[in-house]
Structures are given as structure tokens and as C-alpha cells.
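We just call them A, B, C, D and E in the order they show up, numbering each chain from 1.
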Amino acid sequence: MSAILRLEGLSKRFGALAVSQDICLELAPGRLHALIGPNGAGKTSLINQISGALAPDAGRIFFEDEDVTRLGLAQRARRGLVRSFQVASLFDGFSALDNVALAAQARAGSSFRFFARAGKAADLNAKARVALDRVGLGERVGRRAGELSHGERRLLEIAVALACQPRLLLLDEPFAGLGVEESAEALALLQTLKTEVTMLLVEHDMEAVFALADDVSVLVGGRLIASGAPEAIRQSPAVREAYLGEEEAA
Amino acid sequence: EGKVKIGMIVTLSGPPAVLGGQIRDGFALAVKKLGGKLGGLDADIVVVDDQLKPDIAVTKVKGLLERDHVDFVVGPVFSNILQAIEKPVTASSAFLISPNAGTSNFAGKQCNANFFVTSYQNDQVHEVLGKYAQDKGYKSAFLLAPNYQAGRDALDGFKKQFKGRIADEVYTPLGQLDFSAELAKIAADKPDAVFTFMPGGMGVNLVKQYAQAGLKTIPFLSAFTTDESTLPAQKDAAVGDLGGANWAPDMDNPQSKAFVAAYEAAYGAVPATYAMQAYDTAMLIDSAIRTAGGKLSDRDALRAALKKGDFVSLRGGFKFSTNHYPIQDFYLTKVAKRADGKYETEIVERVFKDYGDSYAKDCPLK
Amino acid sequence: MNWRAVVPGFGFAALALVPLAARWGPEAYALNLATRALIFALAAMSLQFMLGCGGLVSFGQAAYLGLGAYAAAILARYGGGDLLLEAGTAIPAAALFAVATSAISLRAKGVYYIMSTLAFGQMLYFFFVSLSALGGDDGVTLDARARLAGTDWLASDRAFYYAALAALALGYLLLDRIVGSRFGRVLGAIRQNPLRVRALGFEPFRYQLAACAISAALCAVAGVLLANLNSFVSPAFMTWQRSGDLIVMTVLGGVGSLGGAILGALAYLLASELVSTYTEHSGLWIGPALVLVALRGRGLAGLVWGGR
Amino acid sequence: MLSLEAVCAGYGGAPALFGVDLDVGEGEVVALMGRNGMGKTTSVRVIFGLVALSGGRVRFAGRDISATPPFARARAGLGLAPEGRQIFANLTVEENLICAAVAGPWTLSALYKLFPRLCERRRAFGDQLSGGEQQMLAIGRALSTQPRLLVLDEATEGLAPLIRAEIWACLASLKRAGQSILVIDKNLGALLRLIDRAFVIEKGRIVWTASAQEIARDRNLVERRLHLGQDRLETPN
Amino acid sequence: MALLLVQTLNGLQLGIILFLISAGLTLVFGVMNFVNLAHGAQYMVGAYLAAWLIGLTGNFWLGLALTLPATLAFGLALEALIYRHLYNRDPLDQILATFGLILFIDEGVKTIWGAEPISVDTPAALAGGVALMPGLLYPIYRLALIGAGLAVAALLYLIVNHTRVGMRVRAGASNSAMISALGIDIGRLFLIVFGLGATLAGLAGALVAPILSVEPGMGDSVLILVFVVIVIGGVGSIRGAFLGALLVGLIDTLGRAFGPALLDLAMNPSAASQTGRSLTPMLIYLLMAGVLFVRPSGLFPVKR
């Protein structure tokens, strides 16, 4: 089966800073691909380009064999290319439920409906509850997103992404900000999710990465320096030097 | 019941508030002189501010008519307010007397039996200056006015009388602050005369900047630009500027002299034509009620009495044309500094005698 | 049925009683004042929809008011003076103008958006000022009040009041539904976090454009009514100060609450009128009152029914 | 040097802390631990005066600072690397580092030495930084105020393993130099190697504390405690 | 050609006047993020105070020197009473409050000084003109204004971009809780900056008084123009406000001076004068819409 996502020679600069340099990458469907690399290596920038928030200077992006390079963020999202944000990006004035229900609404088709009360849409709310339960925010449905704690917001961020029913999910540091307990729970969640949806995971929590990833790529200074099976990456001296350090690799 | 109610609607907010103030004060002065009575009846005056917003003016006028049950509505200052309130007032049982705004439409076809103007038809003042420029033999004139209806009418009025070359005709945005672009143009064009209509603060700015730019060698003719409402701010910059008016504070008749003295004593400022016209309006109402025998309910008698205009005007002669606009003399005026340091306009020469407006022929009233 | 739904019901019922009360006073005056207040309430509510729900502070709202008014004036002059026809013309005209200008304004955000709506409002204002055919700055007088579906019911001030009230109530119901609908939810989300909305797959631009058109259409209806109320139309209806007044009414009422906008408009206009009957210096009283409401926050709606 | 005594606080109507007692001694490194949403950050905000107290007291360096405004507390020697970074987006990296700086050992060049990446990005605006770079900046900015007590709220979030290790090393050296630190972090391994004492907070109450000796005796104790719910364990002392 | 030069000079100096008035507002609006609609009213108060104090002392310079502390005091009073409570609030609340203030101040000024426009004489030392070219007399006072505008621009540029005060205020405007937690008394800092803004408004009013008439509501009409300037330049950018002001001044002046003539070339004269009339007042708005179309955050977008 062909790749669900294919990057061809993606390049992006911010002034003198090259954040993506001729990146070529293929994601196989049904697998979880982890992307690691030092701070400022260009991981988030890459996710931004794949999701359409940032236009690459050169190169092309194929999603399910369609060239999406010129499509906007929203158009890609409608095709099932969904991302989560490194800094939780929510609707602070909406309840947790509404945040997720809106994501479900995006999936459900046209929102140019002017009369039916959205808050009473049982189908959307039901889907939203399922997603919230999955991330463990079942008790917080009515809370306004702005009043959640940092970790809770991160969980909500994941719930929103889930409710979009993605075909490819781009996760930007989903474990950041989660407590010890919650991290373990999120790990379990992603384990089951792996069977449902293809994922590209950016994460600095190596425990999680090596527990989850089928493939790992390493980005340093905007360049992919290594790609392969987790064990091989963990042992690679170059990766150790640039990113892992001795302790984590051990 | 021995009482006459007057509703006055003038602009009392924003920069033009000074004009509304003059009208209010001029009218009040007359009533005071008449011992608080008009036509022998106790005068009760309600003053409201139209805020220069036509829709608000309509509401206010309805309030005057229905809440205060006024017999006369006196006002407004501005033409666009007049357009909005003419219908509601004339359709009621009250008379509308305008102490300032006198638009052409109500002078012609749309003239109304219950509407009187004690000032002039708007075009006339501009014609005075056009006529003067023509008589003086100026070859070319530079015209300048803000870009709105009154501004366009002003230049048309001037051109009706002036047949020389128009060096340029410039319209500026309403409320413009800085005239250096126009002044540079004037300097380049070197016209024989400049004619402008720049009411209020715009006029103050223009006159000061005209003087600062060293252009005072070119005769400066203007209407509603240098009068007693703006002179305290223009001061020396305006001295010598020419204007057109139906009256000036140095008008040589006893009633006018007394009026100017009383006004200055009461309000500490030299009255402009606005105050004069308001004063005359009060006198007109006084005369009409008297002539009609104090019976406010007899509208036809009152109307006939108003139309007679049988009062001693500060301008000397005064009578109404068929369209209820005045027939009167118009003068060329010149700004001067008085001995006491105050500034006023002074009459230079009479330009029109017993001058009626040209729209009256379209008015069906007899 | 919760009490939040009941309050507007009572509110409109109370407004329906005004003409009956007016009979004991200076009727035409009271009705004129009240009708004008209702019309501005409609305009303020249309702004509230954009501003409170969509986060789009339009500083050119008076342009739509003016468009509606001029549509009425032009139709009246050429014999098409029927309220339905006038509204039917004004609505698409204003919506079209809104779509055309918002397509440009919406590129800008925040103050930049505010100022570009001002720019278009001012352009329309100057257009009408220099349009001598319609009286320019002096405006035009309408010969008579519009007819309603061929009848002359509206000639009566009382009937006209009820027409305005009906327009306001219908507008309220309509907007209230829209705010709570899927469309409204997306609009509210865009206000809070446009990037997130795009990441979910919505194009904010389309929703905001639609919101502008809806708001403009409603405001144009207010314009039609205003023209007929005064039988007069002039560019003074569409100065930037008017747009500013509408913003003030809306914020005074309480950002985000449709009922608040109505309350704000009524309070602002009636208080101004009331104060000005007692003093020439109404600014000395109205000004501090506005400051106090602002300091307290959440507007009058916050006072009456505790927040949004 | 810092003590919270029976502190109660909350947001609007909703209380979040119910009588928290917590203290940090001179030169001590203390951890505050707990699940998400239990009140760690709220405690930090209380310390800095960013949420109002509804009961209890906060003392710092011998003074009751319960009513002191936030800026004065910071000037008295409290330094914060807040949760979620809170970088000034409209300031450049360098401006972020000098805007609140006070003279002392943590000069600009010292900070750049600690985080060379920041030096490379010194002209970039706060919101142009990557997540990890912002985190470095938040820590650096806290240090630039030369605090007597450094409060780190999830300060290693989003940092690459290599940098994280450096931060821990840096904290260890700070500790050796006598710096007092209150730290909230989820990296138990590194945390336990560093701290003298730990507090565990649950639903707005401190439910457990471990002393330096206890931690030294059995590093797993804290970890075990953290994985258990309140209802399953009696609170010692 | 000489005319073009003169008009360009005129445009520049109108721009400088606009900049003088805008300067204080960019500071408060752009740097502190506070939407101060009453800035125009404070400018008006400055003009009135100047007119009054100059009249009282009979000396322009003395009057000017007294005006500055007076407007400062006025601004600080407003800050303490009202603005201080609104810094971290919805900008719409700030709009409402400052709008209320405008109503109050306008009315107050009219109550105190009356509705008549008043004017201030040009100081004797700066009266008259200099010949820049043969036949081109340029008022000295306006040259002095240009100098003052440049000085204010330089001062503000330094304060905002090169002092810690500027940084801290910008930081405080984006996250005031955080800047307090770093040990900075943001309340006092805002007070200082606001005072500076108020003084600048007063200074603008005082300096402009000899050229423009001092009248009630003079601040309101200028306010919109000033916002146009700031938005074209990019909110919060001193450089932007400066160039925006010059641009507005130039386009407006040159458009008024040469627009009709250009239109004449393009179409028949009567149509041209008709279009010209409706177009000139729209020019600056067209300019703004155009700038925002191409650069939706102004010419010099600033991080906020």
C-alpha cells in the first residue's frame, strides 16, 4: 500500500534560519511514526507545513496521493489531516463539551445551518462525550476550557483532535504537561488509537516514544539525519550526541 | 390664557454651538426688553438642542409641539435640520420661523403658508459678493468652499452675479484643518480676488492661515466666514476682509445701536447677524400677536399679521415677499478693530436695495 | 422554559404597551421617541451580532443604516413607497455592500478591521454628501410614509410603532436562533481562536462574511424604518459618529447579549432625551454615567440578568 | 524561608485550595507533586500573589507577605518560571531576558552560556521561538531576577532530553551554591535525585510529605505514594 | 514645478501636525494597548489650557511651559480615577469609558470657556516667514513645528525601543500578571507612560493652537484622522506613525492640489470636477483601505 503522507524536498526558511531543509519523508498507513529532535530543530514547523498553517518555500506535500501543497489549513483538515497543538489551542469561553462538539460538527459536514440549536444536537454531544471520556476528562464536560488546569487543557486538546476523526493525526508533544499518572493513561490511549489511525508523533518523552513508535525519524537543524526502527535510532551515536544524551539512551 | 409658548430649536453642541447660542441670546434679549412678554402675553421659551442631527431634531420638534404645545417654533441654524423639521412643524398648528436657515426649495415651489424666514434666502449673501466683485471689475476670482450642499450653493450664488473668469473652483472636505494646499494654489494663480464660504472653525483656520501665508494683498471676499462669532478668534488676521450681510453692528439706526449695546452688556460679546435675526424674530412674533389681538387660536389672523411684518427691524426696512422670505437691503461689510479692542464687521456700502429672492416667482402663495 | 427565555418575552410585552401609555401624554412625541429608540435598538442589535458573537467591531455600521434609508428615499421618490418593497430592496443592497467591502476589510484583524470598516463607511458617506441629485448634505424629504402591502396602515404613528416593534422582535428571534445555531457556534469560535477553527476544517472568512451580510441586512431594515419615521433622509444618518453611537449603545447594553443591545439603545437614547430636557449640558451627566457602566463592566445586561 | 499556612484560595466562586501548608527552608530544594488539576499551579500563584487568598497566610523571609502586591514579592526575592512559559511575545529574546533583570551572578552572558540556543535566537521575538526555546527563555528570565527562592512550575516541559539533563545539572549546582528552589515537575527520576523534601497535593490539600531522610532511605517511596490514591493511604504526620 | 515643491512641503508639514497629535496616542494605544478615544479630548484641553495660560501670562513661552504640567496633571487625574481600572479589560469597555469622557470633557470645556472659537497668536519670535526660494515665503512657525515634530519622534523612538521602560510597558501590555511576578510595578509604569502620553497630547494642542482655531469638539474630528494615521503606520510603531502621518499629509494635500487637474486630463471637465469633488475627501480613506488591503497590519506591523 502506498504512503498516506509523502513529503518531497520540503524546505522552509525564516530569514537566515533554515527550519526545513529538503525534507523527504513517507508515512505508511496504520503506523505510528515518531519525529524527534532537539529544541528548535524544526519539528513544529514541519507539522505546520504538513497541516497547512505554514507555506513551505519549496517542495511538495502529498496526502493520500493528492498534492495538497497549495491547500489551506481548513481544506486539509476537511480531508482528514488533523493536528494537535504544542500549546493547547482551545476556545476558552466554551465548555469542554462544546470544544469537542465543535470538532465533531466540523466533521459532520456543512455548518451553514442557522436555526437548529447547536447545543441540543444530540449526535454531536454524544460523540464529544465519547472523546472526552477516552482522554479521562469525563468529569469536566461542563467546565469552561479557560478554567481548566494546564494538564487538563492538554488532555482536552487531544480529545478535540480525536473528535475530528482524523485519517492522519499529527500530534505535537501530547505528553507535555501531563502528570506522571496522566502520562501513563495517555500512553495507553495512544496504544489503542494506533490501531485506528495513522499518527505522526512529535515528543520529547523518550519513554513514550520508544513504547509507541513503529518508526522514528530524527530532525536536527531542519535536516532529517536518521530514520528507522526505534532500536536502531536509540543506538545511533549521531542521535545520541545531538539529542538523546547518554542517560536516555541507556 | 394669556401665555405664548415658544419652542426654540438650535444647535448647541459641537463647534457650531456658538451660532445657536447667539440666536438663543438674541431672542432672549428681545423678550427681556419686552418685559418678558410677546404681544402682551407672557412668553414661555423652551430651548432644545438639535445636536446637528436631523433625526434627533425631528424628535425634539415633536416634543416641542406635543409635549410643550408651543405656538411658534423658532429655528434652526442649519439648512439640513430645516429640511427635516419643516414638514412636521408646518403640518401642526404651530408656525415655523427660521432666524437663519433659508433654503431655496422652501422659497420656491415648496413654500409654505406657515413657514417664515427672518434672515434671507441663502443665495443672497453670496450674490452680494458676486455683485461687488463684478461691479469692482475684477477679472478673475478664486472660489473656495467646503464640499457640501451649502458650499456648492454658495459658489453658485456668487457665480450668478460674477461674470469674470473663475481662476479655480476648489471644494475642500468638511472640517478641513489645514489650507496650505489651497493657499499655495491661490498664490500661484494670483487671482484678482478670492471668494470663500467657510463657516465656523474652518473659517477661523482659513483666515489665520491666509494672513500667515502673506496673501492679504489679494482681496478676501467671504460669506459667513468672518463675522462676530469667529472674529474673537481671527482678530487682526481678519481685519480688512470683506463680507456680505443684511446688517452689521455699526448699522446706523437707534434701535440697532441700543440692541448692540444691550447685547454686549448682557453677554460680553459683539452680536452677529444671527443674534440680530433672532431679535427681529422675537419682534416679529410680538407684532403679530399684537396685531391679531392676542388671540393665538386664530391662526389665519396670526398668519396675516406675521406676513405684514409690522415691527421695527434692527435692519431698518423689513417686509416679507410672497414666499415669506424677507425683502431687504444687503451691504458689503468689512472687518475692523474697534477702539475698545473688540472686532466687528462694518458696513462699507449698500450693494442691493430692497432685494427679494429669485425663487419667489415659483411660490404659489399669494 | 428557563427565565432567560422569559425576560425577553416580558420585555417585548412591555414595549407593546408603550403606545397605550402614550395616550395619556404627548402621544406623537412619545411615539416618535419610542419608535426611534426601537429602530436604533434594531441597529444596535445587528451590530451586537457581529461584535458580540463574531468579535467583529464594525465602525461602519451606520453605512448600512444610511443605505437602508436611501433605498427607502429613492423608492419613495419614484413611487415605490411600500415598506415591503423598500425592505426588499434595502436588504440585498446592504448585504451586497457588506459582502463587497467586508471581503476586503476581513483581511485585516483587530483595530485594522475596525478602521477599514470606518474607511468604507466614510466613503459611502462622502458619496451621498456629494450626490446633488439626492440633496447632498441637505438630504431629501419623503413625501409620505411608506404603505404596507398596498394599505396605508403605517400612516398612523401607533401602527408604525408596532411595525418597528415587530421588526425588532423578529430580528431578535432570528438572531437569537442564529447565535445558538451551528453557524453561530462556529462564529463564536472564530472570535476566540481563528487558527484553531481553521485547524478544525472551517474557513473563518466565509462565516464572517455571512455574518456581516446578515448584520447589514438587519441594519438596513432599521434604516428603512428610520427614513419613514422622519420622512426624511440625509447623510447625517451615516456619519462615523453614528457608527460610534451604535457601538456605545451595544457596549453599554453588554457585549454579547442581544437583549443587552436593545437595552443599551433604549437607555442611551431615552436618557439623552430625558437629560436634555432638563439641562443644555447633557454631556456632563451622560458622560460620567457611561464611564461608571464601563468601570463596572459587562454593561447594563450584566446589571439586569447577570452577565451573558 | 517560605511558608504557606493553611492557605485557601480559588477562582471566582470555585475554591481550588483548602488549607495548604507548605514550607521551603533556606538552601532547600522542595518538590510539589500531584496529578493534573490538583492545585500545584494555584499554590504557586498564591505564593506570587496572582490569585487572592481567601484564608491562611503566606510568609517569606520572615515577613507576612499575604497582602503584598506581586511585584514587591518578586523584588523581595521570589523568582518564577511559570507554567506555560508566559513569554512576552512582543519582546525579543534579549529583551525578555533584560526587561526585569537585576544585577547579580546571572548576567546576560551567563544566561547565554547556560542556553547557547537563546544566544543564537536573541533577535527573534518571543512567539517565534519553538516550544523548548521558550521554556529555556522562561527559566532564564526567572534567573535574571537573581531570586533567593526560585519557583519552577513544570520548567522542563517540552525540553529535549539533552537540555533537560543540563537543566537538572544546573539545578544541582545551584543547590550546591545554596539556592532555595521550589520545583514542580513530572520527571520523577531526576527530581528525586535533586530534592530535599516533597509535598504531594491532592484536590487542594497537602496529603503527604516526605523528608530528606525518608527520600534518601527509599527513593521509590515517593513514587509509590504518588501512584496511590488518597483514600488508600493514611497520611503520616 | 515650484507649485509641486510647495505643495509637497505643505503636505509634509500637515503630516507633522498630524504626527504631533498622534504621537501620544500611539504610545498609549500601541504600547500600552489602551484604546484611549479621549486622547483627542485631552489634546483639546491642551489647546484650551494653552490659550488660557498664554492669555493670562501674555507670553507664549511661559504659557506653553505652564500648559505641559497642567495637562500632565489632568492626565494623571484621569488615570487615577478611571483608566487605571480599565487596563486589563475588554477594549470595548475602554471605548465606552473614554467615549463617556469625551462627552464630559467637551461639555465641560464649553461650560468653562464658552462655545466661541478662540485663537492664540503666533509668538513674536516665530512670526513672519522665511523665503525658501524666490517668491516662496514659508511661515517660520510652521518650520518650528516641523522641528518639534521631529524631536518628539526621536524622543519616543528612543523611549519605546531603547529603554527598559519601553520594554517593560510592552511586556506589561501583553501579560501584566507575568511582569508583576518578575518584580516590576507595572501600575506605576503605566502611570508614567500615560502621563507622558497626556503631556504629548497637551503639547500637540498647545503647539497647534496658533495655527488652528481652538474650539469645542476640535479633538473629535482630529481623532479619526489620528487613528487613520496610526493604523496606516502600524499600531504601536513610532516609525509607522511618523511615516503614516507624512503619507496622509502628502496624499491629502497633493490630492487636493493636483487631483482635479489630473482628472481633467482623463475625462471631460464637468464629469471630472464632479468626481473630483466626491473623491478628494475620500482620499485618505481610500489610502487607508488600500494600505490595509496590501498590508493588513499597516506599513510597519508591530508585535503586540
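Just so we're on the same page, contacts are C-beta pairs under 8 Å (C-beta built on N, C-alpha and C of every residue); 3 or more make two chains touch, one makes a residue touch a chain.
Every value quoted in this text rests on a predicted model; they were computed, and no experiment measured them.
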Q: Count how many hops through touching chains it takes, at the least, to reach chain E starting from chain C.
A: 1
Q: If every step must land on a chain the current one touches, say how few steps get you from chain B to chain C.
A: 1
Q. With chain D set aside and the rest fixed in place, how do the remaining chains group by touching?
A. one piece
Q.
As a quick test, compute the distance in whole Å between the mean CA positions of chain D and chain E.
A. 45
Q: State, to the nearest whole Å, the distance from the C-alpha centre of chain A to the C-alpha centre of chain D.
A: 28
Q | Whole-Å gap separating chain B and chain E, where each centre is the average of the chain's CA atoms | A | 34
**Q.** Where chain E touches two or more other chains, by residue
**A.** 106-107, 110, 277-278, 281
Q) What parts of chain B, by residue number, touch at least two of the other chains? A) 12-13, 147, 173-174
**Q.** For chain C, residues that touch 2 or more chains besides their own
**A.** 126, 129-130, 282-283
Q: Write out all the pairs of touching chains, ordered by chain label.
A: A-C, A-D, B-C, B-E, C-E, D-E
Q) Which chain D residues qualify as touching chain A in the complex? A) 11, 14, 34-38, 41, 83-84, 117, 121, 128-133, 135-136, 154, 157-165, 186, 188, 226-227
Q.
Considering only the defined contacts, which chain E positions touch chain D in the complex?
A. 164, 167-168, 170-171, 173-175, 177-186, 302-304
Q | Of chain B, residues touching chain E in the complex | A | 12-15, 17-18, 21, 147, 169-175, 177-178, 180-182, 184-185, 187-188, 200-201, 204-205, 208-209, 212-214, 229-230, 232-235, 269
Q | chain C contact footprint on chain B (complex, rising order) | A | 12-13, 47-49, 52-55, 58-59, 62-63, 65-67, 79-80, 83-84, 86-87, 103, 147-150, 152, 173-174
Q.
Per the contact definition, I'd like the list of chain C residues that touch chain A in the complex.
A. 177-178, 180-186, 188-189, 192-193, 195-203, 207, 210
